[in-house]
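In what follows, a structure is listed as structure tokens, so that the remarks can point back to it.
The chains carry the letters A, B, C, D and E, assigned in the order they are written, with residues numbered from 1 in each.
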């Protein structure tokens, strides 16, 4: 049982090639226990999205396997929810309907429960006034929030979030970071989260995986919880230890990339 | 002449309404002198993109006028280059061709000059290896860089950049910030730049305009150059004054938004 | 010879692909037209309206249609076009095939008949109906293209079809089970369904020699058929994408080519009109009655026997 | 004025409903006027192309004689039946072809073959199969529409962004649910446009279908008139078809705009 | 095996070229086999629908007699001329209609009207205008294609994302440059698909055009055979058209895939 929890999500010797381009180089190994919040940090184009898509079942590994709860991940299913880098909402649904779409294929919720959940996440992302608006009528950041709310509403066990907060203002971002962290720890969700914001990474992560530039290799695996504990709040952000860690990681990250 | 430079870009009593929704409330006034780097900072959905689009000539103000060099801005032209929030590249052109497209309608450059300029900006954004790749084959951050390079290659006098660095990693972002700042000051370009990253705002801006949440009003107008000078480099970033200013602004920004 | 070639007068003909028009092709193949200094080209088109449009525009010099087609709308006494000769007459090639339950024309009362209203069968039927004291008001006509009649007949609700060969024989064969038989045939109306050679009278007036030559070519070919049927059939068949055997079948029992002598007899002379004038008036009445024509046309204005009369047997040598 | 003209001629600009109607009526009347004048001065032979006023007069007479309305309704009914049948078959088949490679591989060559065939050559066999009643007429209209429509549907379904499909898949949608909730909804604006286009196409086959063992319908009226070269009646019938087309088309366009006003995807 | 089947039937999955060809051939042969067997057991009357083998035999004979290839080339030439004319006119007009509201307002009602009209009813007037030569035939084919195609072009041009247009405008592109560099390039994949679909349509009008004052072409061959009830020859002619269609269609599909292999937009 415990073992099961420990190797909940496993990357086993994974490689990925697109034609001649090697995106993930063998052997890529990573073991993520259940309920861990893992942040991927790495240079643009290194292969983070590709890894997420493979976990989600949208791409296939060229060699190696990704296992979830012991068995290889198949085609996408509702266990693995995804927030895409290009935050796509359905243009034919209103904001609220888009969020409710997240639960469309859940058979365990009553229509009423779905409606109230949808409204809850609508409020959570601050779009209460825009429930009836169509995606073509809202701003980029608002659209991104729709996608976040949709995936949260779906309530999958594994959340794959590809730069979900990229287009949000600092305020909204902090608020959603706190919410996400709360949901994750309360509901024991396993999260893979891509961001380019080191501060965000430290604030959210139990563990940060730092990637080299393409082909993706792990160059650092930082256990944040060991240093900062698992409680995250705004005060932490202004603390000395947070600031120091941030500087360290920035240094590591800077070293990953020899800019042309 | 000097006056001309001082009121290079003028928002004169501008308002904007979409149907029932007031996005920009009267009177919105702002005077931007030539060669100034102005950063727009404000909550998601407040109207920043709308303002940029109005300057670009893609949307029309409901009332009021925007004037460039004394005359009202008409339909889009090559004087005002834009990096869109949704970084769109043309799928039928390669990365290099997309960048070269930025100069397609410039009659003052020889084909050879265009080619070398395109290559220059390709290198600048770190896509040298991907010049012949098609946009469908590159990552989100890479696509954003294509859009940036295309607009820089176009060499317009006014640059309208809507969250251009949102999907870039810290390293690449710093490098491009420095480059942008250099190009801007060397070529006396006027820049309107939207970002949610306060650090980026301070690092880049001559002047930061902080917006309230919708309808957009100016709640702060910060003269950054007066405090930090106009030279920007990596050391500045680690300086005391920079860190203090950042905290101040974050406080202002936090106060703009009463989160639901 | 080179100068003769340069002087060849183009004559363009329009007609449908009915075996009765074969003499024109054979005359071309045998070089009759060439020898007469004509260059004849043939276009195929079923529709009278298309032919009229062609003549109107001046693209078409000669149209070949039945006399009753000639009378139809939109012809008025002033419409260009005059008949100067005949080429063939239907002799069993048109008719009506009926179900076994239809013993005589009077049995058709209240029944559904499938046929096109602008084919000879329609006129023959009209003649027979009036003989039986009936008219088209007493039967139900369903419009159908002549070539589709056979398929239509497989529907048991259709009591009879009006069509032409080879569909008539085929219908009798395929639907033998229901006692299909030929109820009406053009064989019983000799000299009625006649294909005429129609030309624009102003063109005729301007250049009577050319049209006379055209007639000579046609009648030479008919004469060739009468003396040499096998060779004629061999030459004609490919123009209809038929084998010699099939072509022969389409002629035998269906039609007769009208020789110069027959044509001259039919036409008579301006002073002493031949029997075709009478046929014309009969058909005119029918066409006026069924609404296919709306002007009373005079036979005297519709025929010009002069070119035909000027041809002698010696010309055919 | 020149400013208004300028803005009306803006690239992908907009035009008020009223102006649009004015321009549309203006251009139509202009054409009719030129035609009428050409007839008056004798440029057009009325036997082959009567003037608009003559056609209108004939149309009035024919309507008074009861030849138009009933037959138009009959034709409309046939078109609707055939078109609905085509759509009801083409939409699911097209969506499946777009979604499942083996299905498209199996059906493509057959569809590609059949859709090139000249309908008139297939009339006899369809009479044999379907008799001389309504079935043959509807079958012929269907034959002319279905095979083209199905390809347009495939194309529409192919244009649905893969992103939407991927979002739905990660939310646990099964294939039929993707078809229903994503492909169908996303392709709808394009599909309705293509249905509109194909409907016009279906009408062009009307005469073909209604000259097969027919005794009513506009096609029959036109063909009968044509046999007797009553060009004014032919053109009157043709006019009625054109007007029906124009009206359904404009109605479908307006419906489209209204239905998808919020999606902001297609103009 | 079952895994392979499963993955072949994956939603929007892929299928190797070889398997695709195998499935395509398989399904085609299956249909032909069913047809042949139905003929053998006497379910199909050869007078109305000959068996595939009979048709093949006839086709061989006709080819040997020289009736097929020349006529097929003539028909192909006519179709190509008419289709190119349609495309060359429809593409610019459609692009302009999509881009400029007043143009679409002016032309829409006219196009909507004309495209519904039954072509056969317009034959006499086209003879008056264009004579009994090639022009009329090409005009009739053009008439059947142009007005439908132009609407498909409008639709394609409308689907070009406004974003692309806006990017080009901010780079200083003038309207005609947007049309050339953005609208045209962006719509190209969709346009080529629609051209392919419309080409099939054009062929269905072949008989209509080639029975007008005809002396050659496949339509003429078919019609002549029909007049003498040689169903096997009719079907052989029809078969040739189908095969020409199938081949051009597959070639155009392959060209499409190859041309746009990098764009990743349409599958």
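Simple rule for what comes next: a residue touches a chain if its C-beta (ideal position, glycine included) is under 8 Å from a C-beta of that chain, and two chains touch if they have at least 3 such contacts.
For clarity, every value in this text was computed on a predicted model and none was experimentally measured.
Shared contact partners of chain B and chain C are E. Farthest from chain B, judged by the mean position of CA atoms in each chain, is C. Homomeric contact chain D/chain E is classed as same-residue, with over half of its interface positions used by both copies. In this assembly, C is the chain whose CA centroid lies farthest from the centroid of chain A. Just count the C-beta contacts per chain pair and the biggest one is D-E. We define each chain's centre as the mean of its Cα atoms; on that basis chain A and chain D are separated by 48 Å.
Averaged C-alpha coordinates give centres for chain D and chain E that are 17 Å from one another. Counting partners per residue, chain C has 47, 49, 52-53, 56, 147, 150-151 as the residues that reach two or more other chains. Each of the following residues of chain B touches two or more other chains: 75, 86, 137. Chain D has residues 45, 48, 124-125, 128, 169, 223, 226, 229, 231 in contact with two or more other chains. Interchain contacts (touch definition given at top) occur between A-B, A-D, B-E, C-D, C-E, D-E.
For chain D in complex with chain E, the residues that touch the partner chain are 8-9, 11-15, 19-21, 23-24, 26-28, 31, 45, 48-49, 98-102, 105-110, 112-122, 124-125, 128, 144, 147-148, 151-152, 155, 158-159, 162, 165, 169, 175, 178, 190, 193-194, 197, 200-201, 203-208, 219, 222-223, 226, 229, 231, 234-235, 237-238, 241-246, 249-250, 266-267. Touching chain D in their complex are the following residues of chain A: 56-58, 75-78, 80-82, 84, 86, 88, 90-92, 101-102, 104-106, 134, 136-137, 150, 154, 156, 160. Across the interface of their complex, chain C is touched by residues 45, 47-48, 123-125, 127-128, 131-132, 211-215, 220, 223-224, 226-231 of chain D. The touching residues of chain B, when paired with chain A in their complex, are 18, 41-45, 49, 85-86, 123, 126, 128, 137-142, 145, 163, 166-173, 175, 196-198, 250, 253-254, 256-257, 259-260. On the side of chain C, the complex with chain D involves touching residues 47-49, 52-53, 56, 72-74, 114, 116-118, 140-145, 147-148, 150-152, 154-155, 157-158, 291-292.
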